[in-house]
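The structure's right below; bear with me while I get my questions together.
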């Protein structure tokens, strides 16, 4: 018990800054509770509590990382019941963070008219308050759990992939439960069931992990048909793509399709959906292709290819990747758009837009052979702006067909120009100048 | 001269306005182990990357096994191995997968050798690369360059992030590789003691030029420190050929000279009526003196 | 067998030369003794084998070592006699020079130095 309490305490006091956040958060929430409990019509002061809760949550934001580190440490295996205590400490932390929500929200619901102290004198009102409290508390427990998962991605993998995953979890959590609450499909029993299932699975997996690991170590020679094995199986024969980072388009599809689906559910102004989505998609595609340029360096010495031949092979590999993403996303957009009731003409016009966006950003990426200079930035920004303008035009009530077609043709010509430029640059590709930082080191060494 | 592994004539490289290398001419023969020394920013990486065709020279030419490095044909590339300064490992793969990926590009990959080395060097084949330490990643990078038994092996600061034990293991492996077959090895390093063990030839890069290229043994015999003592209270004026640094102190002087010979010593002792004692310098001392 | 210092100002091949010459002259390496192979020595001391084989070649031309096909190099049977007096005197030259210089710095006379040398010679015979 004491160990668990100590662990939880340490989660909230990880660094001096976080300690301050925790204390500040608690203070704010206490202030709001005082108002809500004793003074009528203090429901608007809920923002104090919300602010306090955010601070309180931030104060414990290192919990996932500390949890992970402790889980991997030697001591947790040695101490009696170490893993169980660790698991419980995480659960207790989540309960603590969810508690203020459970207490304060029903209280402030009531407090719009009277104070909590008055209301609690009525037994029926008391039941109602307790019911609402239980409901919001359980929802908060679920929500907090997912938030900590997002925190885990953000704080433990300090790179783009981690940021992506964290944001993905946040978006999923924001939309799904929010939708439930919006449509009043939330219920205490369903919440409790979810909590039970999630924590059972997580707890079981966590507690059994050491045994699983040692069993796996004993079978080092055998091929494990886990996710990793499946991936490796698929990459045999596609080593070129693996080197370039273009072997697995489905990761990108998943990362992009999900936000798209969610956005069409909750955002009601259609042009903004397309514009937002298109810009992100094009930027990501371009980034992938640009990455392929600098990763091609590792291929130079590994095969019988000149720079021009390498360009064709890289181009093909990048297109294999981008085409899959493009195809899948086109399907998603059309499917989702039909389901959400967007006009068919809008959908028909947006697929070429998507295709153009892909082509342009692919070659912008492949052109990126000398680091990011003024020319590259100007061209990239102009292309983005043009695509966005086109997106807005398409989403308008009355389509300016001539204008749209003209723009699309213009962009197609630009795509051809960019390809020629990329091809010419590759003939003289200098891998010492490829990346901005590499170029700097080159000039210094 | 077609037996040369690498040949450069009047090689120059500039990045924009900055001239990094100028007018370098050198050769690498099979069996050579060449240590490249130079201050940070002297151009070591540029030189090695020029050798492999990652970048093209601004003037002059450099050829590997007779072919221009910028346009190496596949058959030549298969005889060359490279360990870059910053590793090019794929984080999401395991060690085994990474080895498999690279091996697929070569027809002469020696898996038995790599497996044995993984065992000897303590490389966990099932570890995921992103969870490995810098030293382990470096060991893997070195393995990736050995597997196809290259005839020309180029390494850019290969042991910078290895602990002394790992470094020693690496040196031993490099020695085994260089003793069997006619392989040429070129490596740049800051760790002078490693170069002193391994290299038989030294290139010293200074101000974009090869300040010294030759045998390590000759280098040590050529650059020496003289302790000069006059007979009287004050040292007479004298001139020493090939002097790098001189320090006078009353009746004594120390001078670091290059291209020292016994004839020069005899001449000096006779002309200036001084006593000369020769101190031989280790490679680190020599490097420091050359840069004073 | 050898004490080799790669960081020394003295090239490794010279260190080997001096040590082999001294050991042969003193009888530490009797004729017929096999020397470690170039490869073994290189791996044991972690040094470049070319510097070792250079030393061995020089010793071979001097007549101190002889090559045997398929077997390691051995100390030549005529080694001791082949080492002519002038050569042996040349070997000890540097040490004598150092001693003389030190003695002069300590302001000893030639006679005093010779007396010390003689005493040392007699003591060492035992």
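Letters A, B and C mark the chains as written, and numbering starts fresh at 1 in each.
We adopt the following convention: a contact is a pair of C-beta atoms (placed from the backbone, for glycine too) under 8 Å apart; a residue touches a chain by one contact, two chains touch by 3 or more.
Because the structure is a prediction, the values reported are computed rather than measured.
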| item | value |
| --- | --- |
| Chain separated most widely from subunit A, comparing mean CA positions | C |
| Most centrally placed chain, judged by C-alpha centres | B |
| Inter-chain centre distance, subunit B versus subunit C - centres from mean C-alpha coordinates, in Å | 31 |
| Centre-of-Cα separation between subunit B and subunit A, whole angstrom | 46 |
| Centre-to-centre distance between subunit C and subunit A (centres being mean Cα positions), rounded to whole Å | 73 |
| Subunit B: positions in contact with at least two other chains | none |
| In the complex, subunit B residues that touch subunit A | 15-16, 18, 20, 40-46, 49, 52-56, 71-75, 77, 80, 82, 88, 90, 93-94, 97, 100-102, 104-106, 125-126 |
| Residue numbers on subunit B that touch subunit C, as the complex places them | 31, 33, 168, 171-172, 175-176, 178-179, 193, 196-200, 216-217, 220-221, 224, 277, 279-285 |
| Contact set on subunit A toward subunit B in their complex | 220, 228, 232, 235-236, 239, 242-243, 245, 295, 297-298, 300-306, 428, 430-433, 439, 441-445 |
| Complex contact set, residues of subunit C against subunit B | 6-14, 38-39, 42-43, 45-51, 54, 101 |
